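Following: one structure in structure tokens, then a few remarks.
Just so it is clear, A, B and C label the chains in written order, and each chain counts residues from 1 on its own.
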């Protein structure tokens, strides 16, 4: 296998391939950077140009786009509190506060390094144990997916911030909004009020960008940034990371990458969910959970390593079985097919050189990503130190482009605006927006799989509870919820005791 | 004002909405045979919102009582930083107009207009330099428009320009 | 020194970006100047060299192809392959836009409402007929300007996992007769495959457990994981599985055995007389000028007869077949009434 990998490297060390990877990564980063534009879009746009190329070269370009696109999102997440892509949502939790503390450089450094590590780890897994992992992944059916969705939904409890009740309500909103449109399975139109545009429901992107970015603008508008000196002069100085701190995060990195890989492997769930789960896991297993959200490396490490490791994870089912792990890999599937390659069990035999070329490209792309992000740091920060009153409107315009680009409809821009206003209102009433996003993503997964599972079992609920993997997840869910309730009871008791004293 | 009674308003509003939501699910037809049809999830959500906003209501009423008995000992901590309603509502109105005319007038013109106006809204009086804003707006709109249309094939609405 | 490196990096980034940018423009020298197609005259004569026709400089910018399905499935793949060759014929890039969801109605609606200037076209198949029959949409193919049919897909068949007890359709029918609702079969409720299943149940007198599993890729995954007994799908999507032996095709819904897969018996020869073909058509928004539609259609014809295209199609187990706008509309109308009769004779609720 090592020879094949080396052969793979050799095959991409042509000037053309290397430039393609480089350019692809750069373009991907730019797409990830702009809120509303995603890696999926980048791949979709560049797919046709790869037709005229040799498959290995075409794949090299697409891998660059993939890695760049997933990584680029961390920049606005840290510097603006706006996730560039759904996979960077939890980077905003600690990345932004860190930047606010004047440690933007450090935050960026952490993200970049950890993204690289997560990516490389997932590639190693991909190369070594893709086939058996993929075989395991197909064992996950509707019962299992439902259990995972429920489990992930309960993580809302850990993200709710001050008010658990409000967090749960926010989660319900999210699920509620996800219900708009044609229902899964029977395609019955729900909550469309006769508007054809609503048939498809809301797309995650305008929802996400609206809630995070547009609401920021409204917040800026309301306070009108009285203090002119609000310009965040991000200091990049000292973006080195002390080795001791770095090694202190090793376990976090490994665990978060593992979570990312696992979630990436499961088709239908991707980086967007992975980073949130990894963050919550890190918080719950940490010795100082209360510090999460104030700008500690742990949060960034968890988020960024998991979202990049999800890329390798998503490629596992694609390459071994021809089943895409997320939206980008779905495009890649189309791309592979149009190059005459059939992803599936025989891909290694019929086009092994392409497969190893892909692996090699991924590794190179990760390296290129690191180089570009580091080199560009000063430039990014400079760009974003433009006064808020100029920066925010331009960002809005870009968000509009991103929203429009989802389906080439103005409706999505309307959705953007709607959710922006909603996000603003929610913030005013002290409701956290994150559970909404989580509910929105997970609601459909839960509902669809619940109904599919019932179709399979013909109305019988038992398999949901007895299928081993599903049961396992449900047990973990029940356990963690119980722990949480117990803990908060203890806390409240201690608080009231303290007051009574 | 929002801080004190905000939760109460919110929870009441939500409880009512939840009821409305639930009632609306009665019109959802069952197209499949399984017990759980398309009405299930919305009903579940409605019930959930109702229950939890109920809890929220109870909690906030309790807190309100506590606060009253403590007689607001702490001073109002510089209550709400004044909300600049003019700017806020102006921005919202601006966005709505932008949205409505986007398809008909086209991305280029509308975005230029939007950026100029939004910057002006957000900017401090001292920084107001309409010419500078206009130039920025034009350059960014044009750049975005052409890059995305020609290079990335994202067909932004051309409106009256084509 | 550092500053120097920074400058070099920025310079090369800008350069690199512009290179990629030109690359991504698909090699077409499109201008974004307004096209003179604002008020197309309704010329019904195909060629009228005397009067300038709206089709004269068509196309002069990229064309958006709306595919009402997700990326990676057979609709997407077939549209992309046709688009690949159309680009060469028309000299402009064809940009694929996946507008999936709601049974394909979102994508169809988008094209229905689009500007009839020839730069938006829908790439879809028989499911559109079903959409109107099932009430998912209040328009049908007749509302569009048909450009023609380019691909015939006869490769729809039933797959089982290699560990399955069924060797052919006979086994399946026998077992199902004795065990109603025990055999699970995957589909998308209300879609093309659903209709196939209902027809099968009717023709064979059996009752199967119909389960929604999702799209093409989801079905493959479910079959691999042995979560479902039978998966109806396009055989071209799974040729490597058939070769590796992981899957077995127990029947194909074509008139005769497919040349690409000669070992797979048809349903017909196994005693079940049902045949389902899928036609892939391309259609323009209503009121698109006929000259433009015809020009596009002629390009389609050339592509269908292109040797390279034929070769690629073979690999996907699809057949290049051209039908001009009139014939295509006729064919769709006949098929639609066939579906309507079938639907009325069945209880779709099951």
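One rule holds in what follows: a residue touches a chain if its C-beta (ideal position, glycine included) is under 8 Å from a C-beta of that chain, and two chains touch if they have at least 3 such contacts.
Note that this is a predicted model, so its numbers are computed, not measured.
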item	value
Maximum centroid distance from chain B, chain identifier (CA atoms)	C
Centre-most chain, if every chain is reduced to its averaged C-alpha atoms	A
Contact-richer chain pair (by C-beta pairs counted) among B-C and A-C	A-C
Centroid distance [mean C-alpha coordinates] between chain B and chain A, Å	23
Computed distance of Cα centres, chain C from chain B, in Å	38
Between chain C and chain A, distance of the C-alpha-averaged centres to the nearest whole Å	30
Residue list for chain B, restricted to those that touch at least two other chains	31-32, 152-153, 155
Multi-partner residues of chain A (at least 2 other chains)	45, 185-187, 408, 451, 455
Overlap residues in chain C, where contacts from two or more other chains coincide	24, 26, 64, 93, 95, 189
Chain C-facing residues of chain B, complex	31-33, 146-147, 149-153, 155, 158, 161-162
For the chain C and chain A complex, residues of the former touching the latter	6, 9-10, 13, 16-17, 19-20, 23-24, 26, 64, 70-72, 76-77, 80-81, 83-84, 87, 93-99, 101-103, 105-106, 109-110, 134, 136, 181, 184, 189-190, 209-214, 217-218, 220-222, 224-225, 227-228, 238-241, 243-244, 246, 312, 315-316
Residues of chain C that touch chain B when the two form their complex	21-22, 24-26, 30, 32-35, 62, 64, 93, 95, 189, 349-350
Contacting residues of chain A [partner chain B, same complex]	41, 45, 163, 165-166, 168-169, 172-173, 175-176, 179, 183, 185-188, 190-191, 214, 217-218, 220-226, 228, 387-390, 392-394, 396-398, 400-401, 404-405, 408, 410, 413-414, 417, 420-421, 428-431, 443, 447, 450-451, 454-455, 459
Residues on chain A engaged by chain C in the complex (per definition of touch)	19, 22-24, 26-27, 30, 44-49, 51, 135, 137-142, 181-182, 184-187, 196, 199-201, 267-268, 317, 321-324, 327, 330-334, 337-338, 340, 342-347, 350, 372, 375-376, 378-379, 407-409, 448, 451-452, 455-456, 458
